[in-house]
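Shared chain: subunit A. Partners: subunit B in the first complex, subunit C in the second.
== the complex of A and B ==
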């Protein structure tokens, strides 16, 4: 019983991080109809930003998070303006390959600049935990969960109550109609790409004190984010959150109850992805997936 | 036309026989160019049907493991081991085609990316079967000479090129092109996209697995990180894009160009990460500035030249009388 409770608590805390990790990917697809294969690299840069802020300046990852997110958002918006905007109307083959290529470049720039060494940030709260009887709740994971929740709520408020956020949703709904309503669609694309990258980098900044930071961490997180987004339904924000918790539960359950589980847990995202594609390709709350 | 075929045939035979006369150092190069050619042709076949594989290393790794396992467990020799390698590639590719059958192309890309990652995890987690993360050596007693492996690689590359050429002559090719451009319209014309996808992907998967299966006999050692290496995935897409996507000659030109580039960066910088960076830059550059690749760009350029040259003499003729 206590094992089950521990499993549940761990899954919920992990689900918060996963939601934040995948939400930018999902929202980005909803708005621009492009899948950002470089999303993992935004996470990776966020993690390195937090790492260097902590090592060089002694700043806590939670304090450097907003600065890192703004920097990554600005850089990504420039990247979008400079390269990605050119393929918006190109065949999807070109879009997929361009984003994949950009991810490859960013990953290896990081590998050359900062070597492939695994790093991590040690914070005062990284190794402590709340203890309730046999239940162990690490402070770091609680802080990560709360931060992720705050950011997601902020995103929701932005999407629903701000002029720009409403415009973003309008563009996601119907780009042509949005143009007719006087919305500058290409500017909205750029803003939403920047915000999605910021969400990714925020995930990275939090991961810096939970996981190890390497130039290649983004790729593994990207595969998980895909499983979440497909499970929840491409482009659906509530679906993404559901998908994130579902994957977190599945992974945590496997690592607790299956022999050698922590190794197998890495493969759960793949199994989830395959099952969703077979059983319900539009995901839990998804919209269109048909050929077009 | 006839003379061109004779030249191609002679070139192909020369390529297959090259390992017999070339210095042993060349074997490595022949093997790399040949394997990449097979991978590139395989990737391009899928791309011709509008399917972008972001995980060709999945097929490569499956082929490598299949060849290695039948050799080590059942004592199958080099040539026999290539048959299960191709089969497993074809079967897994057909399975992916069925699973992503009715979905948009993007789902295929995601599924392939996840497939290679999932297979890597499986290979790591089943050490009693695959040797696990520590890796495993192929039975040394069964290993053919590197010369033989290089010759077989060249022969397979030629074979794949012939298959690609043969497909380009059949209605299959046009069906694929129609699917790539507009699947709904293709369906209305009586093309069953699912059937074509299964056929084209099985062939593509079998080719990529064959390349993996041949390579394990050359390298002799396999672990999950080598088998399902992202490098293979990237090379498989760089070569056709650089050479010329959706063309016959593109993957072949691209294989030479890519290996040439990787040799240059290796000699000049020598860092692993740097060659990947160069590949990424090539990918971005090709998509943005040269989407037709080397062959496609050359084709448009020569056509434009051909169009302008006949008009030039006639213009001078008109001026003289």
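== the complex of A and C ==
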């Protein structure tokens, strides 16, 4: 019983982080119809940003997070303007290759600049925990969960209660009709790309005190985020959150209950991806995606 | 008097298929003009060229003494041009009221959003009843009301209506054209594309018949009906050698 409870708590805390990790990828697809295969690198740069802020300036990752997010958003918006905007109307395979290529370049730039060494940020809350009888709730994971929840609620409010957020939803539903409303669609694409990158980098900043930071951590997280988004339905925010918790539960369950489970847990996302594509390709809450 | 909107020698289409061969027309301030013609004659393409959804190959579009082709599509709304597109194109998963808010996205119309909303709700009380509903869940007629209302939210000087009667019941067409007549009375210029000529004649004073991408006749509605120009433009009997 106590093992099951521990499993549930761990899964919920992990689900929060996963939601934040995947939501930018999902929203980006909803708006631009492009899957950002370099999303993992946005996470990676966020993690390095938090790491260096902590090592060089002694700033806590939670405090450096907003600055890191803004910097990554600005750089990503420039990247969008300079490269990605040019393939908006190109065949999907060209878009995938470009984004994937950008991801590879960024990974290797990071490896050249900062070596492939695994690093981590030590914070006062990284190794402490709430203890309830046999139940262990690490402070760091609670903080990560709360931060993710705040950011997701903020995103939701922006989408629903701000002028630009509403325009973003309009662009996601019908770009041409949005133009007729006087919305500059290509500018909204850029803004949403920047915001999604900011959400990715925020995930990275939080991961910096939970996981190890390496130049290649992003790919790993991209695969998971991709599985989540496919599971929940591309472009659906509630679907993404549902998918994130589903993957978190599946992984945690495997790592607790399967012999040598913590090794197998990392493979769960691939199994999920495969099953969804076979059984329900549009995801749990997603709409079918038209092939142009 | 200088026309508010004028198209001169417009040639336009998609990729390498030419839909409009040569279209010239004018709409004066406060005037309701009908653009009539059969399916595929180029009416919608004309509307799309004016709003900037497509870029014409050749020709000139002038609106309020400005060269419209030099203005980016999304900025044309700010100049006072609003299109209520064919097939309504409301945002289906967004509420009725938010659809209307989106109609007044442009900076010029945003300050008077509240007043515009009130006047749209007065024009279409049905929309006020449905304000919190997702637009995609409404009937075709209600969606058409929403589409017209949404384009009015930008406080246009010129309203382009593309086939507002398409797929609607006769009763709904009556309601809708009643509202359009009211909009016309308020001084907004209207360019109306219609296949339902009867409905169009009820509000328009002047018209252009278009066939095979060319203007084949123009004049007051009375003149057009008398000359039989409309019948021939709808039947396409004008250019029997063409195989389009």
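Keep in mind that, in the parts below, the second predicted complex is superposed on the first by the 288 of 292 C-alpha atoms of A that agree within 3 Å, B and C clash if a C-alpha of one lies under 4 Å from a C-alpha of the other, contacts with A are read in each partner's own complex, and residues count from 1 in each chain.
The rule we apply is simple: a contact is a pair of C-beta atoms (placed from the backbone, for glycine too) under 8 Å apart; a residue touches a chain by one contact, two chains touch by 3 or more.
Just so we're clear, the structure is a prediction, and the values are computed from it rather than from any experiment.
Of the two partner chains, subunit B (first) and subunit C (second), which one does A:177 touch, if any: first, second, both, or neither?
Touch status of A:177: second partner only.
Who wins on subunit A residues touched, subunit B or subunit C?
On the superposition, B touches more of the residues of subunit A.
So in the superposed three-chain picture, is A:94 touching just subunit B, just subunit C, both, or none of them (first/second/both/neither)?
Once the two structures are laid over each other on A, A:94 reaches subunit B alone.
Output check: A:169 vs subunit B and subunit C. Expected answer is one of first, second, both, neither. What do you get?
In the superposition, A:169 touches subunit C alone.
After superposition on the shared chain, which partner residues are touched by A:185: those of subunit B (first), subunit C (second), both, or neither?
In the superposition, A:185 touches subunit C alone.
Regarding the shared-chain residue A:114, is it in contact with subunit B (first), subunit C (second), both, or neither?
A:114: touches no partner chain.
Once the structures are superposed on A, label A:125 by its partner contacts, choosing first (subunit B), second (subunit C), both or neither.
It touches nothing on subunit B or subunit C.
With the two structures laid over each other on chain A, which partner does A:158 touch: subunit B (first), subunit C (second), both, or neither?
Neither partner.
Once the two structures are fitted together, what part of subunit A is touched by subunit B and by subunit C alike?
After superposing on chain A, no subunit A residue contacts both subunit B and subunit C.
Help me check something: in the complex, which residues belonging to subunit B touch subunit A?
So the residues of subunit B in touch with subunit A come to 47, 50, 52, 54, 99-100, 102-107, 109-111, 113-115, 117-118, 121-122, 124-125, 183-184, 193, 230, 234, 237, 241, 245, 271, 273-274, 276-277, 279-284, 287-288, 291.
For the complex, give me every residue of subunit A touching subunit C.
That would be residues 163, 166-167, 169-170, 173-174, 176-185 of subunit A.
Could you pull out which subunit C residues touch subunit A in their complex?
51-53, 72-78, 82-83, 85, 89-94, 98, 101-103, 105-106, 110, 150-151, 154
In their shared complex, at which residues does subunit A touch subunit B?
35, 37, 83, 86-87, 90, 92-94, 96-98, 100-105, 107-109, 111-112, 116, 215, 219-220, 222-223, 226-227, 230, 260, 263-264, 266-267, 269-271, 273-274, 277-278, 281, 289-292
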